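Each of the two complexes below includes chain A, the first together with chain B, the second together with chain C.
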Partner chain A sequence: MTFTVPEIAWAPLAPVLIVLGAAVVGVLVEAFVPRRVRRPVQLGLTLAALAGAVVAVALLWDEVADTGGTDVLGGSLLVDGPTLVLWATTAVLALLAVLVVADRTSTGEDAFAPQGAAVPGSGYEEAARAAGLQQTEVYPLVLFATGGMLIFPATGDLLTLFVALEVLSLPLYLLTGLSRRRRLLSQEASMKYFLLGSFASALLLFGIALLYGFSGSLRYAEIADAVRTVGGMDGLLLAGSLLVLAGLLFKVGAVPFHSWTPDVYQGAPTPITGLMAACTKVAAFGALVRVMYTVVPDLRWDLEPVLWTVAIATMAVGTVVALVQTDIKRVLAYSSIAHAGFVLTGVVALVQSGITAVLFYLLAYGAATVGAFGIVSLVRERGAVRPGARTGAGAAARVPALASAGSTADVVGTGAGAGAAAAAEDRAGVGTGAGAGPAGADADGEEPPVEATGPVLGEATHLSQWAGLGRTNPVLATTFALFLLSFAGIPLTAGFTGKFAVFSAAVEGGAWPLAVVGVVASAAAAFFYVRIIVLMFFTSPHGGPRDDADEEARPGAVVVTSQGFAVVAIAACAALTILLGVLPGPVLDAVAGVAQLLP
Partner chain B sequence: MSSTVATTDVPWLTLLVVWPLVGALVLWLLPRGSRAAGAADADAITAGPRRYARQIALAVALVEVGLGVAALLAFDAGAAGEHQLRETHAWISQLGVSYAVGVDGVGLALVLLSVVLVPVVILAAWREQGSGALPTERLRHYLALVLVLTAFMVAVFAARDVFLFYVLFEAMLIPVYFMIGAFGGPRRRYAAVKFLLFSLAGGLIMLAGVIALYLQGPGGPQGFLTENLTGLDLPVGTERWLFLAFFLAFAIKAPMFPVHTWLPDAAEQAPAGTSTLLVGVLDKVGTFGMLTLCLPLFPDASRWAAPVIVALAVVSILYGALLAIGQQDLFRLVAYTSVSHFGFIVLGIFAFTSTSVAGSSFYMVNHGLSTGALFLLVGFLAARRGSARIEDFGGLQKVTPVLAGVFLVTGLSALSLPGLSTFVSEFLVLVGSFGTNRAAAVVATLGVVLAAVYVLWTYQRLFAGPVRDDLAATRDIGGRERWVVGPLIAIMLVLGFYPAPALRLVDEPAATTVTHVGGEPPAVDMPVAEDGDHEGSEQ
Partner chain C sequence: MTLTNYLVLSGILFSIGAATVLLRRNAIIVFMGVELMLNATNLALVTFSRLHGDLTGQVMAFFVMVVAAAEVVVGLAIIVSIFRTRKSASVDDINLLKS
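And now, the complex of A and B:
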């Protein structure tokens, strides 16, 4: 047997190579660059790599638009129009997400644990904190994950698909566990994500094996041929396809494979949640579209009932469960599930315009998601009880417990040691926080916001803490409202254009019941987005509706000033959201011009 | 179409849309002024450009009125049935969406109504300056929202593209939502959310209809243009479903029985100026949509559904009036009278005679003026008393004679007294409907009687009788307030005695619409086509 060196066209691979190469260099930087300058080097490298990937995509664009794309590495990667769109989307969103990741409060605190390996609450961890250690490994990890995400939707064979899945997942499992605050919650999330993710990988792998058994090939094109020609093994084919789809549906967070989403989104460091929610979804939907449109389109009559059920269940569960959440990150998690359902309606449609619609939707959704989580990462709680709390004793007892939850672990009520931890809490700068600005007494005499004092703790994720944010931080709250309106699909935001496109595709593909369910779900979903807007703008701080007993003991929220990276990212996301809502024409045209999958 | 109309160069409608947006942006971007740092109390802003937010807003609104008049002059009233001042640009050609605006007579009338009400509303909010109700800083936001809303209102009445119409139909909710939710009464959160959810639910159902309609149409980069979607030969079932999807959204907006329940809450909790715009203009989008989208796009389904809709309209007329009689809160009372009046408008539209349709079109304008003025007056009363409950007033006409007189005239316009413009339109609606829906027209006439009850009885309880001691020092209507209601009453009187110019605007579009829907020729000879012989009828 002779080994023939495959012809490799390097140019079309450039975006992937740049990102993965920079990731490898990043590992070396960790080893050889002095600690002082490590962060700027890593950050510059990461941003340059992602920007380079975008530029490389732009350089490839014309050729691909003309020729329809090429397959490289002997057909393992298909660089066609949708691939380029997904690459550009992923790279841009990752770039913005990295800006949020890189941000630190003005006192230099980032979102990551000083020493990921330390046992939560241990002396070792405390020592690492006291030494002021800062993580910089997150940058290469993010780059590796992004590299996997770039490969994932571009693969032309099932084995590469699986490898890409692992490349993108493993760094994310790690990153999920690295939260600075609420360490136990974070590690629990990481564990859950890893276990369920491995399970999904196993399903995918099993499906790949069955499809290989059916067709004798791992190539998408050859499997598709086999689907048309080979008869008599329908059981193998169907089981294989369903298992592969299950693996992909897990990654997009579709019901019934969604249960990891809220826990992981809540536990992961918020900037990482933004990255996961936006980019992973882009990559996974890209892969799903390719499999649906090129591998198993001839099975549509068999798969349709299953996928319709999944899409309807995803929209319904995501929407309904989000209605009763009290944690902002969980609300956004369930909303992301609902959005997965909306995108699925476009995927299931199996018409040409469906590809364009899905690609556009992913960009629109991703921009709002990165921005929304970026804002969540800036809204923090403070360790102060407002004067005149109703239950003085109860509130006082609650403060150390909260401080402990914020600083070291989730173990509520660890006793005296927790109070010390709170004292050791590094003080982050407080900018235009409560009290400053045009807070103003309310027209109907509600009490003005209370000046919070005390150390800034973790993120204020409980919804009640967001009350009155529109009064204290109008710009930030308005921007967040913009993202929420985009999620809700209000016209003149990107979300509306995306929703319109996928529902149109669904109706065009004969899946009008899905569109109807989608519309109903959108109406219901609007309720919980609007509820947050009500909280932010129409409720004075601490004056909101009380839906749980211990709310009055929760510290209020302040917005920290940061080094400004996150603000840049949020502003860019907001601009994208408006631009894609008001003038989506050029982007839609560009996407539609190349939305042709290679067979 | 005459060539002079087609070649108009100035994009008046776009100017009308863009100008208030610019104004709103200016208001939001006003620098804070020098003593920013310590000014925690918003009322303390006495220096810096933000102080002039009201003046700027009013100036913007007055220029907007000027633009509206310019558009009216550029409009050829002789061809009012045509869409004029047209502009068509590709917007999202991939989805078949164009930025296409243009107005026929009805659209222009409603655009003018919108721009005329805006300075009035701004002037009505003026006084709140520093008085504690709306601190300067928040007043600035409020006025900016009013201007944003103005742009959307103008654009929605001018849209000639179904997608554009839908986008504006939904986008309008956002400023109104904040205008109710952030600046309203004690239960404003509830009212704002109820308003938003009702409207959004209706809008999303309409969205499904919009998508499905597009796929039935010719498609292409201008596939959403109204004229490209008119006259499609839709299958019967499809057409009916599409009609229902659109109609439900409009019925919620209008609001019609039984989906009207959001209006009283919203009107009660919103500031008076917001209610004026909400009921005076925004709700017209519902009836305007029925008139300009439902009827031309789905003529067969409109005829199919007409009996039920006419019945619902009659129910709205009587039910709204009866509930209005029973209200204790003045804002809710006015809101319910509107439900009744919208019943008349819908009745006229679905009676399918050119008389009734023209009457409904004119009614939309008159109702905006009359109800707008009524809301503002109730707002004045509530500001004086600190309450809008009827039982808190009594005998005011001796203390505030001018206010009482103005209220009476406005109230009489709500019950369509001859000599006021509402009479003309209500008369046309009833006459026009009588030919095709005799029973409905007869029953609807009862609504006029009930209107007399709620107007006069309310007047009696508020203003007649002995002066209550705690009201003895009530201020009469002041100079600014006269400027708020004066113009509205003047327009109502002018159009009441000489409605011909307004009717010229709405006659031809009505005839065109009726031709589209294949309605019967006017059963009763139109008395208005000549020279306003209503002047005779009211003497």
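And now, the complex of A and C:
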């Protein structure tokens, strides 16, 4: 028996290798570089790797545009036009998201827990915070996730698809649980994401097993051949492809697999939410398009009713439920569900222009998303300082039932988990005693006097806190309004071009009812985007919608100054949004020129 | 053919795993349900591999094992950190995030 050394074309793999290689180096940096310089080293490495991936894609572009692409690693990875577009989109969006991740703002703290393993509210956590520990492991984790996202849409067989799915998911589960503030929410989001995500991967995996049983191969091309030729095993084929599609639809957050999206988007650290919302969606839709167009196009008559239902339900649920949300991150989460529905109309169309439309839409949506979450991460609450609370909370160091003034009173009230009702989201000394823990017991009935100079806390995510932001911070609010208009699909923003492209592809593919539903849903969605804009510009502070009893205690919003990273990212996203809206021609042409999937 | 019996068994195990995930309330048990689903899939893959007479399915099964191990590491870390915070691993107690 002889071993044949496989031929590997390294050059087309360069973007993936750069990112994953940098991730491995990042782990070593974590082990060997002294803490003092660890952050600059990690940050430089991460940014360089992602920029390098973009450059590598650019170098590959001409050759792929000429030849139509190559398959590498024996067909496991297909480097064709759509792959390159998705790689470039993912790498650029991840680069911008990392800039937001890196920004410590004027508070000097990043968005991540000083010690992920520390119990929230414990003395250990307080010690870690006081020692000024900062997580730098997030950078390698982000790189691993990005590497998985690069592989995911480029795979040519189901084995690589599954492994890439896990490589992109596992770091995201961890990152979701590492928020510095509102740690209970963050851990809960992480657990929900993990349990539902692993359930979805198990479904996908069983689908893979059934497709393998049907065709005797894991390669997309060979499965597609078997779909045409093999008869008599339609049950295996249909069940297998439906399960695989279910796994992919979970990742894009389509109804009925959307229930994790709002919780995870709300609980995760905001910069990570931006990364997740933009890049995961790009990768998952890339994989979905490839599966739909190259593996099961001959099943379209069987799958179409299912996918039509999913697309319509996704648009409807995302839009309708977003209307009644009061938390800005949840609004953006439901908006992302609605957008998943819009992109699905382009996928379901199953025409050539659908690929171009989906690729363009993902770039437009991703740019606005990273920017919007970047802005959310800068709008913070200012805590109320109540004299005496510090000693009260400090004495009960075991479980100081801390809550920042008002905004988490609901959190503490419901967190009756066996005496540990600690929504220990912020530092000691800002508790209002709203919880039932030992530290809060002495504070019943006292109204905390609000000082104007309380410490800056977590993000001010409640919509009422955004009232009047346009008067105090016009530039920031205008930029946010721009992203919202792009989400809404107003002309001269990237969102309009994207929506126009997917809906016209849907009409071309005969899916005009989907386009009609999409237009109606866009119109309805425009209402709540415009409502936020009205809230920011035409409502005085504290004059926003009131929905619950603890409204009075909700602190106002304050905008922290960025260190510069986030500003660069937000400005780049805004520029991209305008550029793709005003002059979409060159990008659309470039994408359309290479939008040919390898079989 | 007797090999189909393995497929039936794999289907049953997968269904038990899925039902466990959907019905049980303890996060650890839910997670065990996921693992059962993955292992049922492995059985199906190996059986199909035998049916088709090629090794791809067995290779896939090895990859699934590796990935499942990585998933255990991440999953238990998350569940343990939640348990230490709340002294409970019930998924019903985890309900702070609601619209």
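We adopt the following convention: the second predicted complex is superposed on the first by the 527 of 599 C-alpha atoms of A that agree within 3 Å, B and C clash if a C-alpha of one lies under 4 Å from a C-alpha of the other, contacts with A are read in each partner's own complex, and residues count from 1 in each chain.
We adopt the following convention: a residue touches a chain if its C-beta (ideal position, glycine included) is under 8 Å from a C-beta of that chain, and two chains touch if they have at least 3 such contacts.
Note that the structure is a prediction, hence the values are computed from the model and not measured.
Residue contacts after overlaying the shared chain place A:Ala526 against chain B, while chain C stays out of touching range. By the document's definition of touching, of the two partners only chain B reaches A:Gly585; chain C does not. Once the two complexes are overlaid on the shared chain, A:Trp466 sits clear of chain B and of chain C alike. Annotation for chain A, partner touching more residues between chain B and chain C: C. In the superposed model, A:Phe538 lies in contact with chain B only, and not with chain C. Of the two partner chains placed by superposition, only chain B is touched by A:Glu508; chain C is not. Of the two partner chains placed by the overlay, only chain C lies in contact with A:Ala117; chain B stays clear of it.
Of the two partner chains, neither chain B nor chain C is touched by A:Phe152. In the superposition on chain A, contact of A:Leu218 is made with chain C only, not with chain B. Considering their complex, residues 39-43, 90-95, 132-135, 137-138, 166-168, 170-171, 173-174, 177-178, 181-183, 185-186, 188-189, 192-193, 196-197, 200-201, 204-205, 207-208, 211-212, 214-215 of chain B touch chain A.
For chain C in complex with chain A, the residues that touch the partner chain are 7, 10, 14, 17-18, 21, 27, 30-31, 34, 37-38, 40-41, 44-45, 47-48, 51-52, 54, 56-57, 59-60, 63-64, 67, 70-71, 74-75, 77-79, 81-82, 84-88, 91, 93-97, 99. Within the complex formed with chain B, the residues of chain A that make contact are 356, 435-436, 438-441, 443-444, 485, 490-492, 496-497, 500-501, 503-504, 507-508, 512, 515-516, 519-520, 522-523, 526-527, 530-531, 534, 537-539, 583-585, 588-589, 592. Across the complex, chain C is touched by residues 116-117, 119-120, 158-159, 162-163, 166, 170, 173-174, 177, 183-185, 187-192, 194-195, 198-199, 201-203, 205-206, 208-210, 212-213, 216-218, 262-263, 266-267, 321, 324-325, 330, 411, 414-415, 417-420, 422-423 of chain A.
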